[in-house]
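The next part holds the structures, each set out as structure tokens.
Next come two complexes built around chain A: one with chain B, the other with chain C.
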Partner chain A sequence: MNILDRIAELDRRIIFLLIGLAVTIPLLMPIGLPVDITKPVKDVYDKVESLPKGSIVVVSVDYDPGSEAELYPATEAFLEHCFRKDLRVYMIGLWPAGPALGNLALDSIAPHYNKVYGIDYVNVGYKPGGMIMLLSLGRNVGDIVRADYAGTPIDSLPLGRAVKSASDMDLVMTLSAGDPGVLHWIIYFKARYGTPIATATTAIMAPQQYPYLSSGQLVGLLGGLKGAAEYETLVRRKARAVAGMDSQSIVHVLIVIFIIIGNIILVYQRRVR
Partner chain B sequence: MLQVFGIWIAALLTLAIYSFLYKDNPFYKIAEHIFVGVSAGYWAVILWFDFTWPNLFEPLIREGNFIYVMPIIVGLMMFAPLIPKINWLIRIPLTFTMGVAMATVITQRVQGDIIPQLHATFLPLSGVSPPALLSNLLIIIGVVATLVYFYFSKEHKGILGVGAKLGIWFMMVAFGASFGYTVMARISLLIGRVYFLLHNWLHVI
Partner chain C sequence: MKRTLPLIIVFSCGFFMIIAFFVPLRGFQDVSQTFQNWYTGVIAFFVFIGIFNLVKVNLDKIQRRLRDWQYSIILLAFLSMMMAAGFIGGREGGIFLYMFENLQIPLGATMFSLLAFFVGSAAFRAFRARTPEATLLLVAAVLVMIGRVPVGYWIWHGFPSLVEWIMNVPNTAAKRGILFGADLGLISMALRVLLGIERSYMGGGKE
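Coming up: the complex of A and B.
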């Protein structure tokens, strides 16, 4: 049995171990590989930069703990940018667990900028109904939102009173892990009310968003942990996403090597047979 | 204290799940069963407190809005097949749901998806920079070739065959991009868990 046959029979647990080490070692000993900024991410950043002070940004937390690793860093980085720019954040969720994760991010970022709940930001919680809900939300927010996440009547909060329809929303940022999510916001909200939509999606969803970027239906896109790392770099916040980029790059190189070796073995075995 | 307890539980469950990579074992089974049970309980609470109560029973009971009796009646009709004699009643909620969904989806899909996407393929081939020209050409050829591949009313021979083969190449590139992003996504999830173990649990980074 030559070396190629031995590799073909390799215990898959060795591959798991190599991937695990390729992730863990760079986290323990960071290399600091550069994070290049791509245009879709820069476009989101520029859009936020262009908004005047006090503008209302709807942050739709459309993911759950299953996608937390990819989208939570983007949530924190985006909120930090909004609060730094003195924008008001109106948080909502199309996924049941989204607003709870959004609250974690608000609680970790808002105090650093002395932001006050109800005035500078509000979390209205999970709103079921998908497309029908979004169509109603844009027409009259009061039909959908009666209380905030904690049950406080929405009219008792200044920011709650300020958002009556889509015309009061200057930007929607959807942090999306599937359905309902970014497509619902584009097709049912942007198309009907014209509000600009930006998005941070899981990496799996990112390629599907490019047609909407090129058609102008999306302002910009943060694709997966890489997109979050780019945004962290732009807002000068070196946190979880940037820390993970060394591991990501090294594992990708490792996987490319595995693919090349796998293909060499495949060609070799075909010739032998 | 409660937070530390939560982190320990999460860390041990993470290790229990990853132990499956070595081989199936009781720790993995325990974690798997806890996940299923907690998910079911969590969804039950969410469906009642975030869905049914605020959207149906609160307006009905607290605000005395009796129009909300209608969705309850129509909703109960979904259970009609449980009684064979009134089985036919399920047609009412089903046709209502299908009618509303189709009306909403068809109008909005055309307005918000098909027309803007079609419009985005009408790209200029003159008066643009060479890189933009190349990009526009690729988009136009890619769209046309892929559509040709999905045209099944005539055999893919001659010019149609060339177009269909080109369409396959464009789709292969798209599948490759999707695969690359999928690998990135899965690794990101692993990074997230390892970061949690090293940062939140062990405090070594």
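Coming up: the complex of A and C.
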């Protein structure tokens, strides 16, 4: 049995071990690879920069703990940018666990900018109903939102009173891990009410958004942890996403090496037969 | 009547909503909004149906000692604990938030992160260039995988631009084709349901 035959029979636990090492070693000993900025991410940043002080940004937290590793860093980086620009944040969630994750991000960022709940930001919680809910929300927010996440009547909060329909929303940022999510915001909210939509998605969903980027239905896109790392770089807040880039780079290289070895074995086995 | 009445409801409500989407008259919009609000209310009850179904299926599994029935006990125990914590202490503090932050988030992230190991194993055993089409897909995948991470930019500064081109041109073209096909199918299916040609959604049963 030569070396290629031995590699072909490689125990998959060794592959798991190599992946584990490729993830953990760069986290413990960062390499500091440079993060380039792509156009879809820069477009989101520029859109936020262009909004005047006091504009209302809807942040829709449409993911759950399963996608937290990819989307939470984007949530924090985006909120930091909004608060730094003195924009008002109206948080909502199309997924049941989303608003709770959004609250964690708000609690960690808002105090640094002395933002006041109810005036500068509000979390109205999970709203079920997907596409139909979005149509109703855009026409009359009061039909969907009667209280915030904690149960406080929405009309008792200044920001709650300020958002009556889609015309009061200057930008929607959906942090999306699936359905319902970014597609519903584009198809049912953007198409009907014309509100600009930006998104941060999991890496696996990012290629699906490019038709909407090129058609102008999406302002911009933060794809996966890399998109979050680019945004962190733009807002000069190097945190979890930038820290994860070394690991992700090494794991991608390792997977490409696995693919190459696997195909060398394929060619070899064909010749032997 | 058992079949005719649902068909009439589906036909009239469906076509009314289509018309209301394009006709901005106030009367149409008000009725349409009422329908939408009813829908949102009905959807909220699906959560209860989901929980009821989850409990029923898992209780049945425990009673009949089906495969891995022990996991059902853990599931029901934690479901009860989270619900009790939420009802007693509220969602914004105490034990509910503690369990959300220290159990649900890390466990969810752990489940998702296992994918890295399986993708690594699949890359070695399954991503094989057996046909010209598979080779093309594999080459594109390798370019995107390297170009989408900082190491690609480090190797060659043009890598990210190449990846953006792959995403913007071949990927978008293929995706648009798929979307058009799927949407045309969706429209034809919707028309079949509205016109009563497709009736499988009503289940079995006689008139």
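In the analysis below, the second predicted complex is superposed on the first by the 273 of 273 C-alpha atoms of A that agree within 3 Å, B and C clash if a C-alpha of one lies under 4 Å from a C-alpha of the other, contacts with A are read in each partner's own complex, and residues count from 1 in each chain.
Here, contacts are C-beta pairs under 8 Å (C-beta built on N, C-alpha and C of every residue); 3 or more make two chains touch, one makes a residue touch a chain.
These numbers were taken from a predicted model, which means no experiment stands behind them.
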{"item": "Which of chain B and chain C A:G216 touches, first, second, both or neither", "value": "first"}
{"item": "Touching partner for A:V35 - first (chain B), second (chain C), both, neither", "value": "second"}
{"item": "Contacts of A:V23 with chain B and chain C, given as first, second, both or neither", "value": "both"}
{"item": "Which superposed partner A:V253 touches (first chain B, second chain C, both, neither)", "value": "second"}
{"item": "Which of chain B and chain C A:G262 touches, first, second, both or neither", "value": "second"}
{"item": "Touching partner for A:N103 - first (chain B), second (chain C), both, neither", "value": "second"}
{"item": "Touching partner for A:L51 - first (chain B), second (chain C), both, neither", "value": "neither"}
{"item": "Which of chain B and chain C A:L10 touches, first, second, both or neither", "value": "second"}
{"item": "First (chain B), second (chain C), both or neither touched by A:S136", "value": "second"}
{"item": "Common ground on chain A, meaning residues reached by chain C in one complex and by chain B in the other", "value": "16, 19-20, 23, 68-69, 96-97, 128-129, 132, 135, 203, 206-207, 211, 214, 223-224, 226, 248, 251-252, 255"}
{"item": "Contact set on chain A toward chain B in their complex", "value": "13, 16, 19-20, 23-24, 27-28, 68-70, 96-97, 125-126, 128-129, 131-132, 135, 146-147, 186-188, 190-192, 202-204, 206-207, 211, 214-217, 223-226, 240, 243-244, 247-248, 251-252, 255"}
{"item": "Interfacial residue positions of chain A with respect to chain C in the complex", "value": "10, 12, 15-16, 18-20, 23, 33-36, 38-39, 64-69, 96-97, 100-101, 103-104, 127-130, 132-133, 135-136, 139-140, 143-144, 149-150, 203, 206-208, 210-211, 213-214, 223-224, 226, 229, 245-246, 248-256, 258-259, 261-263, 266"}
{"item": "Contact footprint of chain A on chain C as seen in their complex", "value": "29, 33, 36-37, 39-40, 43-44, 46-47, 90-92, 97, 100-101, 104-109, 111-113, 116-117, 119-121, 123-130, 138, 141-142, 145-146, 148-154, 157, 160, 164, 167-168, 171-172, 175-176, 179"}
{"item": "Touching residues (chain side chain B, partner chain A) in the complex", "value": "21-22, 42-43, 46, 50-51, 54-55, 100, 104-105, 108-109, 111-113, 116-117, 119-120, 139, 174, 177-178, 181-185, 187-195, 198, 204-205"}
